[in-house]
Structure formats: C-alpha cells, structure tokens
C-alpha cells in the first residue's frame, strides 16, 4: 500500500484489441484515453503472427511511444496497460504487460486491481518451484496458470479458470495468447472492464470512454466471475464463479473514472451531477456562488448549483500544463503564495459567500490549502460540501489511498473537521445518496465503512 | 501570418521580475502560468550582477528548464517569454528573449504582438547599416534604440521613447538592462501588460493570473503609450505617446486569456459568463441541455444555461494528456471515429436537444466535427450559439488567425453557415453584447469588422 | 546466432564487486572498461542491505547511467553486465543482470557466453512448471537452481553445483545473493573470468583490464569448472567439475579482448604482436611499408613490421567519433567514395608496396573495401597478412560470427580468396603459430577447424 | 582565452560544399571527419533555393543531427562548423554558422581562429550603430561587410576585401550567400583551409581528411591573403592582401590535425613520425621499449622506435568510450588508482626501461599522472621525450592553451621539469627539427617562443 501527497490514486488501466488492423496503434489511442488511470508507466504488446513483441517504459503514453515504436508492433491483436506507480530502482520490471515464454505458447498479461492473498500464493508457488522476476501481484496469475499445465494437460481455459479461483481480491485481467484474448473480472465485481465492437473485431477496456474514443461500440460489461474469450470464433463467455455480486468500487464513480465513461450502465458525469443535487438536498446553505474543485468535482458542483438555483462559478482555476518534470516551489515560496496547480480567482470569489464542492477529503492538506486560498482571495464564507462520505479505512483492492492514520476524517468528529479546515460549515454526502446517485443497490464502500467484502489474508498475517 | 489547423493562436506571453530573490525561478513560475499563450518555445534571461545569462529552447517551460538550468540563472532580476510558433529550420534563433551586446551595456528584450511597419523599418535600419539575425519583428526595436545612441548620446529612456514612436502595431515589450526593467504597451492598447508588487520588488506580466500565481499583488495595468521603468528607485512612469485609446483585442477576453486573469479591470471568466447570458437573451431556444466546448467555452455555456434555466452538462469531454508528441490518427482512423482530443458522451447527449456553445468559428472544420460527433452520439437537435461575432478579417496584431479565404464566415451567409455546419439553428453574439459583457466602450474588433485601428503599411505594400 | 555487417561480435562482459564502498560506482567504471565487449545494453544491480536494486537500459554505460542513477544504487556489493545485442521489440527484458525474487532470498545473475543445450533445458524446466520471461539462456540457470530447492532443502552452494552440471556450453556467470557473490566458469574454460582484490574487498571481471582500471590488483583467474564464493569470510573455492581443460576461445586473444588485458597469464597485446612476428616468419614479402587495420590489428602490424625491418605506417585512419546514431552514407555515396569509418591516407600509401595486416576475414566485404581504398590511394602492391587462420565454421559459444554460408573463406581456396580480395598475395597465420603466440597447448579453435569441444545438442536438433 | 584541464584545444573546424546533391548530408560527413577539432557544438546551414535554413546545437555531430534534421536542410550548397567551447548560459547563440538577414541578401558565416583586434573593431562598429547578439569574434566580419554596403553600393567582393583588411589575427572563414561560397584565410596563413573537387562541385575544409572522407579530390590550399569564390562560374581567386607568409600554426602538425590530413603539402602522420626520428637523433637513450601516449603521440613514438631500433609497444591503452556524460571518478577514487581514460599495462611495461613519447607538456598534470602510472605498473626507468619544444607563451590565434602562469615549462628549468615529473631523463624537440620535420622554413611558433607574428591589440589594451 503506497501513499502519496495528494491522497488517492487508481493503480492502472487495461486495454485490448482483437481482429483490427494496426492493433497496436488502436491500443495506443485506447491507453491515451485511459491515461488518467495511471501516468507513471505504460506498455503495449502485439502479436505479429509469429511472436509477441512488447515495448514499455516509464512516463505517459505520448512519452514512451513514437511513430517508429508503434510501427514496430505489427499485427491485428494487441493489448496494453497504463500504470500509476513505479517504485524503487527496480521499476521497469514492474511495468506491464508482462510476457511469458513457455513451450505451450507465449502469452502476455495485464492487470488492474490488487490481490489480498498474494503473499500466500507466492509462498505456495515458490514451494512448487516458481521464481518471480517482479514484485507485482500480476505475475502470480501466470504462474498459477502454468502450474496446472504441468500436471496432466488441462485445456487452457480450464487452467485459467482454476487459477482465477485461487485469486482473492480485486482484478480485471487481460490475457493474450497467440490466437485469442481472455478478459476476466473478479467475482465481487470490484474493478470495471467492458467489451466493445470495433470494425470486424473487438475491443476490451477498463473504461468505456476508450471504446468510444477509438470509434468502437460498447457491447456490454464483463460480468463479475466471468471470462470472456475473443478469437476468430467471436465472443465466448465462461464463468469461473457464480458468486454474482456487483460490489463496484464507489470511488470509480466519485473520483477515478472519466466523466464520459459509463460504468455498469451509469454515466459517471451523471452520477456526479446527481450526487451534487443530493448533496444540496442533504445540506442546503444560503450562499452567493458555488465553486467546484477542478477537474473531478466540477460535475458535482454543477449539480449542487442547479439544485440550489445559485450561480456555479469558476472560482478556482487549474493550470493545464502541470508535468512530472515541473520544478516544485520551495516551502518558502509556497508560504509567500506561489500557487502553481490551482489559483483562486479574486474577482470571482471576492466578497462572496462560497459553497465549495469537492469529491472527497483524504489527508485534509489540499482542502486546507484551498480554503485558505479562497479566504485570501476575499471569500467571506466558505461552506464545504463533499460529494462522498468520510474516508475512514484504507483500500486493499488497488486504490492507493492513505493509511488509516493519515485519513483526516478517520479520527475526527465532524465538528473537528469543520474547525481544522476553517470552514463555516461542512457536510459529507450520505451512503444512501451514493446508492441513489448510482441507481444501484450494491457498492464496495469499504473505505467509507471499514467493511471489506473479501477476507484480508495478507493484512491479517501482517498484524 | 501563419495558419494552423485549429484556427486561432496568440503569439506570446512576457513576464519580468525585479528585486526578488531567485528571480529566474519566479519567472519560471510566471511563464508556466502564461503557458496557454504559447507552447512552442520559451526562454529566460537573468542578470547575475555581472552579465546577462540566457537559456532558451523549444517546447514547454517544463521541457526546456530543469533545476540545474534555473539554478544557473542567478540574480534578483529576470525576464522571460513563451512563444507560440517556431517555423522552419532556423527556429531556435527566433525564440525570445533576445540578448544584445553593446558597449553602452548589454540588454535583453521580449515582445508580445506584431508590428505592421516592420518591413519599412527593416529597410530603413539596413540602409543605416543594421544586420538582422532573426526574422522576428522584435529585433527591430533593439536596432532602433541603438540607432539613436550613435548620433550623440541620448539618455537611454529618450532613445527608447524615440524608438517606440517609430513602431506601428501591437506590442507589449519588456526590456531589461543591467539595472532596470522597462515595460511598455503600444499606444492603441492592443495587447495587455500588467504590473504587480512581489515582496520588496516588482513583477510585470502579460496577464494578471501569473502575478497571482507567484504570490504577487496586482498594482495596475501599464497604460497604452506608457513606459514604466522599474529599478532601485521604485516605479517611474513615462509616456511616449498621448494617443490614449484602449482598443484591447477582444479575442483576449473571448479566447486567449486564462479565466482567472483580469484585463483592464474586467475578469475573463465573468466576461465570458456574461457573454453567455447575453447570447441567451439574443437567441433563446427550446432545448434540453447546454453543452460547452471545453475548455475555453465552458464559462459562456454556464452563463447561457443559467440564463435559460436549463441544465449545463458535460456532453463533450477533452483529453487532458494531449502532447506535442502525440501520434495523430490517420485520416482513415478519423473517419472510423477515432476521436482523441474531444469525445461526445452518448449517455449525456443521447436523445437530447442540445445547445452547443462555442467561443468562435474560424475555419469551420472543428465545429463541423463536433456537431457530427454530437449527432452520432444521439443528439436530436443541435443549436449552435457562438459567444462572439462572425470572424471575417485576418488580424495583423499578433493573433495567428486564418487568412480571409480560410475564414469560414467571411464568405457565407448565416443560413449557409447553418446548413454547412449541419445545425438546427445558429447565432453569433452581437458586437453590442461584447461591449456590455466587457463593460467598456472600446475594443479592437478588426477581425470581426475589417476596420483596423492602425495603418497596415506592410500589408498595403504586398498588395 | 545473430549476424551483423561487420562479422564478429562478442556477446557480453560481466563485472562484480564485493565489500567496497560505492560498489555500483566501481561497477560503472568496471563496465566502462569492458564496454568493448558490448555496446547495446547494460545494467547494474546493487544490494543496499535490504533489497536488490537494479537499473538497466539500452546503450552505452555513459548513456544508461548518470550521477543520480548511480547514487540510487547504494551498497558495498554490486554487479553489472554489458551486452552486445538487443533484438526485436522485446528488448529491454533481455538486458542483464536479471533479478529473481524467491522466499529463500532474492538473487541476481549475469552471464557471458552461450549454452548449447538450452532448448532441452527449457523443455525440461517447463515440464516442471517454470515459465520464462526472457528468451535469454541466462534465465535457465536461475530456474535450475530453484528447481532443486523445491525438493528438500539443499544448501545453496549444492544447488548451484547441481545446476551448473546440467549446463553444457560456454559461460562465465556471476550470481549475487544478499550476502555473497558466486563466480563460475564452464568446465571447458571457453570464456574468461578473473578475480582481483580491491581495498578490503574483491572484484570479479571478464577481463583483467577492468580490475586494473578500478585500481584493483589481479589475484588469479577463476578455473574451468570452479565456483568461487566471495563473502565476509573471504574467498572460498568449490569445484563442480574436474573436467579440467583450458580451451580458451582463441578469438578473445585475436580480436575481442582489450590489448591491456591478460588472459590466463598471457597479455593480449603481446600475443598479437608475437602473432605478427610469426606471420612475417611464415610469409615474408618484399614491401615498403606495413599498414595495420585499426584498432585491433595494430599490434600484429607492429610485430610484423619489427620482424621485417620495414616501417609500420598509419596508412589507415579510423574516425574516433562513430556512434550508434550515425547517419550511414547511402549506397550511392559509398560508391562515390564517402568513407566515414576508415580512411586510407594517400600521402602515406601512395606509390608504396603495402603489407596490409588484419586480424581476420569474416565475410570478406570489409577486406575488399579496404584493399580498394588502398589502391585508390595509390598503393602499388597490397599483400594481405591475416593474424589468424581461415574462419570456416560458426561459433556456438557466444561469439556472434556469421553462418557457414557467409564465411568468406569457408568455400574458397586460398587462391580464390586472393583473387576476389584483389590482393597481390595473401597469407593466414597457422594454428601452430597461435599456440606459439599464446605460449599454450590448448585453445578452442572450433571456428577455424569445425571441431567443437562440446556436444551441440540444440544444433543437432535443428538439423 | 579559456582554459581547460587537459591543456590545449583547437577552437573549431569549418566545412563547405557547393554544387553537390544533398549538400547538407555531405557537410554532415565532412564535419564528422573534423569532429576532433571541436566536440562541444556544431551547426549546418543550407540554401534551399529560396532561403538559408540552419540547424545547430550543443554536442557531437551525431548528437545534434538525425536523419530528419539533415533531410530538412535541402539544397546543393551548404556549410557547417564544429566548435570546441561553449561557455556560460548563453551558449547556443555562440554556436556557428551564424545567419544574417539583410535586404541585399541573407548570408551565413563560419570561422576558425581568433582575432586580436576584436575589441577595437567592436567599439568602432558600435559607434557606427551595430549591435551584437553574440560574444563571438565571428560576428564582427558580418558587420564589417555590411558597414561598407551602407556607403554607396560596393560590389560584395569589394566589401568582403575591405572588411578582411580590417581584421587582424588568425582566421579561416567560409561565407555563404544565396549563390556562392567565399573562403578566405588570414594573410599570415595561421589557420589551414583547403579546396577540393567533389563530383561536379566543390568542397572547402579546414583539413584535407574531410575532403578525402566525402570522396572528394584535393585541389589546393587556400593561400594566405586569398579569397576563393566558388559559384556556377567555377573557382575564382581574389587577393585582399599580398603579405604572403606561411606562418602555419605548428600545433596543427604536432597535436590538432588528424594524421591523415595534409597541411600545406606535408602529411601530418609523416611529420610526426619524422619528428620522432629526429627526437631520437637529438636525445637517444638506452631502453627496452618505446611507449607513445595515445592517440596523438603514436606516430612520433613509432618514429622514435624505428630510429632507435627498439620495440614500440602498447604500454598505455586508451578507453575508446569516453563521453561527455561520463561520471568522473572522485578524488579519493583517483588516488586509489581508478584510471578511466588511460591504463598502463603491467605485463608490457613491468620490469622495462621505457622511453615515453608525448607530443607536448602543457600544465604538467597529465604527464605526472602517466609517469606515476608507468612506475606503478613496474617500469624501472622512464625517459620522457617530447615531440615539440617547451610551451612557454599563450596563444592568441585560436588555440585554447593555458595562460603563461599555468604553462608548466614557462617557469621551470629543464632539470626542474625532470625532477617534478619524476622521470629519469627528459628532452624536448628543438625548433630546428620542427622545420626539418615539416620540410618548411616558416611556422608560427609563438607558443614556444613568445614572438607573435601580429600585433596584439586587445592584449596590450588589457595590460
């Protein structure tokens, strides 16, 4: 579980293409549309009819790939991955997709999510002779699949099914062999994965926005516990589990996903806007303007403003050119007011009673800073409205949220939160409204409730 | 006059700092906040007490500079430039600031705008012995200043005044010598330039957003026809012309400037939002949702929606990760629907009557593409509302707008526009509403009217 | 077996350091001194007391590493690898060292050489459940070592011994665990590996030149069939085989190794110089000057000239700045005489009878080109003297020599060689003289004789 | 006058091509062959029939240019420059060629050498209104040429002649206009410049090695005081001065030039070899082997050894992969014997009496280090033989030699030199032998004698 300054981070996005010319180039566009799910590394693997060719590197899709590299990845079947974090010196090994060579055929694999029993599985596999070349959970599945093929000769789909049944946790996997692509989701349905049609072929993506962006047509979501196999026969569905819940991570709607994606039938912008309306209904306040924190809270702010009938204004502006290579202001410069990422706009908020809408409060530092900026720019009142419940528990399913100790709301009463953030009032959206906004009865709300849908093997061990 | 696919481009942004520690680093932050005014090249020059050191290059501020380079630019006085276009092979020479070496002292110079009598001035200066090392207008001012110092020994401020009086056109110049910074605007007031306080020193910037971003405090705009000199005596104002108009480029408000900037007392977001309200008043329509083209039209869309009382929705989503190194989709891929920069959101616009708000129509290609995207995504009606009048004439003052032949509206009636763009109705904001939105009585509206506030020497020659 | 234009290439160099401050930096210097053994990729892994950190990339040591990267590789134990070839898109995976994660401890591994039974071993290991992530031979050893640890708990040294006994072919391996470094050579002694002292610690290197370069002191060569273990106990020797031959690759002396290296007690420059003297004794000729092909043939030319008593002249000059990014002359430019790598010097060879000394003839193309250059520059006679026998068979032990079909001498009589190369006389050094020059009774001369010291399992399979 | 660690550096090399397809590519090859004359920056300018296009940058020719950049420089006329030093932050401006824009036509200019009256000329030109954008001497010529064109309309050749007559010092200039190339040398003949034929066109180069390398044929040297104009009429010669001396810089032969170049009729390798023979005649010594310092002293060592009849051995080996980005060993590492650039070879020099041949002694540091290395490697005696006289005076003609204070021999008797360098004997070649080796009666020997062939205006001023 890694932590960063800003609080929450999704781990990855996956994308695959079958039966389409220039598959690697389409994958490049797909990954570009999933770039918000991971900016630290990316890779594409393509099948050229003879072998799997893979190129990967650290940085954005536009930094890792150029025309020559994409052209080198020939073929009509490809898959790729964008990754949030690369840690330590040993980084490039952990960038996906992984390629495995085996006499029964080479295969590649990419993963979004996090397993909760990886330590136990590693121990088991090593006792059977496996050696690992990465510290990534994702390598485990490859070993599990191959484990089975030693003992007699299981058909591959059976081997994958048995392997998936040993995994516990959150995952969306894409597996590519020399003639087909398998896509599967964990049986809880914690991570999204969708299927689309593209020309005469198919496309699989963590989010529907990438299917649209490459000109494809959404068919349906992969079901929890399902394996979808795409090859020259078309689409075939298999189930490795009938558990059958749809405990989609609520944070996908609240924060991660692109507003133009639909997740399990519900559009993300619509979800956010409706959550903003509900936020107003739960906690109206007399004010002059509504200001959303760009970019992820703009829809909720819009919803709040429309429900409240007060203007939604651009009181905070975000610099579009923030890059990894940006030279951060020194502490002293920060204290002198150098604000590079966000600016509060004096002529908009000055003298105004402001409803500040944000999607969540993680460590509290960003919220404090924004409130301070607004007050410095002349806001007379600041009413904070958060479009999600209080974050009180860490996530073990692939969301890089802070530890319990660092979660601002975990150890504070609502009144303490209000005082420390220096706001005139504060309200967090209720869980009930999340269900209403999503028009659904199930969610994984573990980070808001501490109730985890799965066992937490590895965590329990480490206690 | 250069043209690009997308239509309109500002040429540059300038920024200067006097009397502040780590002046180059502050300039780096300032330029970063002006990055929207030019992404092709940038440079910073700083005075280290002994000499002017200059580093410049092609690309974004975060690409050209790193910690080492900023650290190499020591001193408490610095200035910089971001530039829109670098053309041809001879590019790096045209990146500003320019540094000039002379026995009367070295000086540096950066420029935003475009002269209309540069050809005549070049001829004149060459006849006096000047040689030019760039094709940039900005080099001319340096030669004009030095020309005078040959004939007797004019005080420098007099030399600058005489030189400025020979320039015709649009400009905001920053000139840095070894002990002071001069800032000046053309007498028509075509380009913005503002002055702020920062700690014990001063800051000059094309837009106020950069003054705010570095923690400075806005003092006032530089006046048309004014030269402001900043040095250890503080601020001194000089006038080289009493022409005294405020013919600010309307496009600064409509399109170029950051929404958090104030230009001549009016906030840009407020201008745009009000223009949206006026747009509704001029051309209301029965519809289900309002959709703005991100990012520059979001404020106007917001204003329209609020005035109309219909929801403002995120029906178009922009990919935040578009970079210069992006591999463009092929024509065929485009036709197959690969849309990388913008996506229309089916679940938002599907089955809806849409008011599409955009800031301007240049060549028409982008508008056509967006309308097509919306219809493909299921919009039943598309009513186009443009928050500015029809563009009919090229700009000679530093805006990289298309030629008259390429301006879509220049040769079409409103009805032709509607038909070719395939929209159900179309309306362009009136000039009157621009003045109302800006709460001012003067503007340069040459691109909307063809009436130029200056003579067009070079253009007339080329006829 | 890969082939390149120029004919012969060594595959790799390995280097390791134990018990020395800044071990990664020392490894950087060591690899830099072994750079002639591989320019396509390199990597360093260091143990920081807690974990193995590894950085690797494509290109020269000076291209892949910078101060920050070396500083990130903390610790007093490190090892590295330079690699000749990276093929296909899947390249970065094949760059060494490889790092393996296992419950019994992580370990790293680097390899110089080539196995002849890798196909069989892969099949065997895969049948036991292994999956491979590279196409490199070197990964096999890791799996073999781990294989044993499954069945009961073998002490690690025993596991390594058993694993090495299964390998057939040429190798020099360095294996690093969290507290020691193992170094081993194949039982035939085909590839060199030497041990040195450095401060209070130890250094292992493919060539002695790197031991000298880092300020170390040569102790002795690792013996064929030996495993040397270096840790806090000091040096311990183990044998996994008593085969006990010293069939060192003759090409190491003739071409690959740096002239300042000593291999099994014989200095490389001295070997080459003596081979030049013997070449004269075998085939004297009346001539004006001796010209060696730079750089590898200069010692032999020197020996020939001294023995002959005629001047050794710099009739061919090599451009020192040839880089991977060099834009190659087009075929037409080549025919027009554009010669970038080598130049013949008209004022030196003009009107002269030249003895041209080269180390070997592979495909014949380079020799033809050089002779043509000399004649064009005015040489009246060209007598070719080659300081090795005719190359007639491919190498399966890690030397990237051409296939039999491409070996110029394999299918031509001496007289055909003379005619096709357009020389006045030609002579190849006898095998006997190689033994004399090396003052030794054993060599691997397989590429000159077609008699291979090992079985050729994989090759026989592919027949 | 800049100083570096290693002592001596040539400033530049120039190369031009007229009337040849792909002129920029040919220039790329030419500059690559002149790379030894400057590694810090380079540039190429080509005339595409309409305008001069110029690309330049910091680093080697292979680093600054790639296929795309060379392809962008279209046309049959081009010229380029390699440059030794770039100082300060303001560097890219000083990289040549310079391009100047003027109503009488654009032109480009590249320069090898150094003027001694540049300060006076700058003052004069500034008083006439010039402004300088670089601190390079080379910009002065452009201003001088244009100065004349103001006053009446001088034919261009006359303007160039008059301008050249105002320059004092060392220079080889190439000037390119839209239809011809002018090449000129200073009237003392201090810097080399040669003319060759290439296909139907012409080539001009600082050294003949580049003419040969591009497949050209040497015609003749440009004469001191001559201007050669190459255009569609062919070659025309003009003289701007009849001073008529051939005071070629002796250091060109001794150190700078490539051994395969001919300078004023004498081959550089031959010069060096003969100087080695003469060195033996002047100072024979009983010894076992001769060792030359690579690369520049190998010819002289060869000559010494042949004259002495003792073996010439490779007792010092140079690493071929030294790059600008190399991480230098720390002082402590150096003291522990880390030697990256040069290695002494124990098995060659151990137990031997060594004659060490070097080309020159500048600061003495390198010599000390080499002697120490040889002794550490077991040499029993070291006799130093320098193939040039003692360096005692700085150069003002473009050679970046140390100041008088730093010149080791300037303030030491021969015996002090011997003791401080810790050698058993030492000898410097006499001036007479330099003339013999060059078979000529004139040289500029200012750095050996302190007698400068020109006035030293700027230097005298600064006293």
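Annotations
In this document, chain identifiers A, B, C and D correspond to the written order of the chains, with residue numbering beginning at 1 in each.
Assume contacts are C-beta pairs under 8 Å (C-beta built on N, C-alpha and C of every residue); 3 or more make two chains touch, one makes a residue touch a chain.
Here the structure is a predicted model, which is why all the values come from computation and not from measurement.
The greatest centre-to-centre distance from chain A, using averaged C-alpha positions, is reached by D. The geometric centre of chain C is 36 Å away from that of chain D, both derived from CA atoms. Separating the CA-averaged centres of chain A and chain C is a span of 47 Å.
Averaging Cα coordinates per chain places chain A and chain D 59 Å apart.
Among all residues of chain A, none touch two or more other chains.
Chain-to-chain contact here is organised cyclically: the chains close a single ring, every chain touching exactly two others.
Screening every pair of chains for touch gives A-B, A-C, B-D, C-D.
Those residues of chain A that touch chain C in the complex are listed here as 51-56, 69, 72-73, 88-90, 92-93, 98-104, 122-123, 126-135, 142-143, 146-147, 150. Within the complex, the chain A residues that touch chain B are 22, 25-26, 28-29, 32-33, 35-36, 39, 60-63, 65-67, 70, 199, 209, 212-216, 258-260, 262, 267, 269-270, 273, 295, 298-299, 302, 306, 311-314, 317, 319-321, 323, 325-327, 329, 333, 336-340, 343, 345-348.
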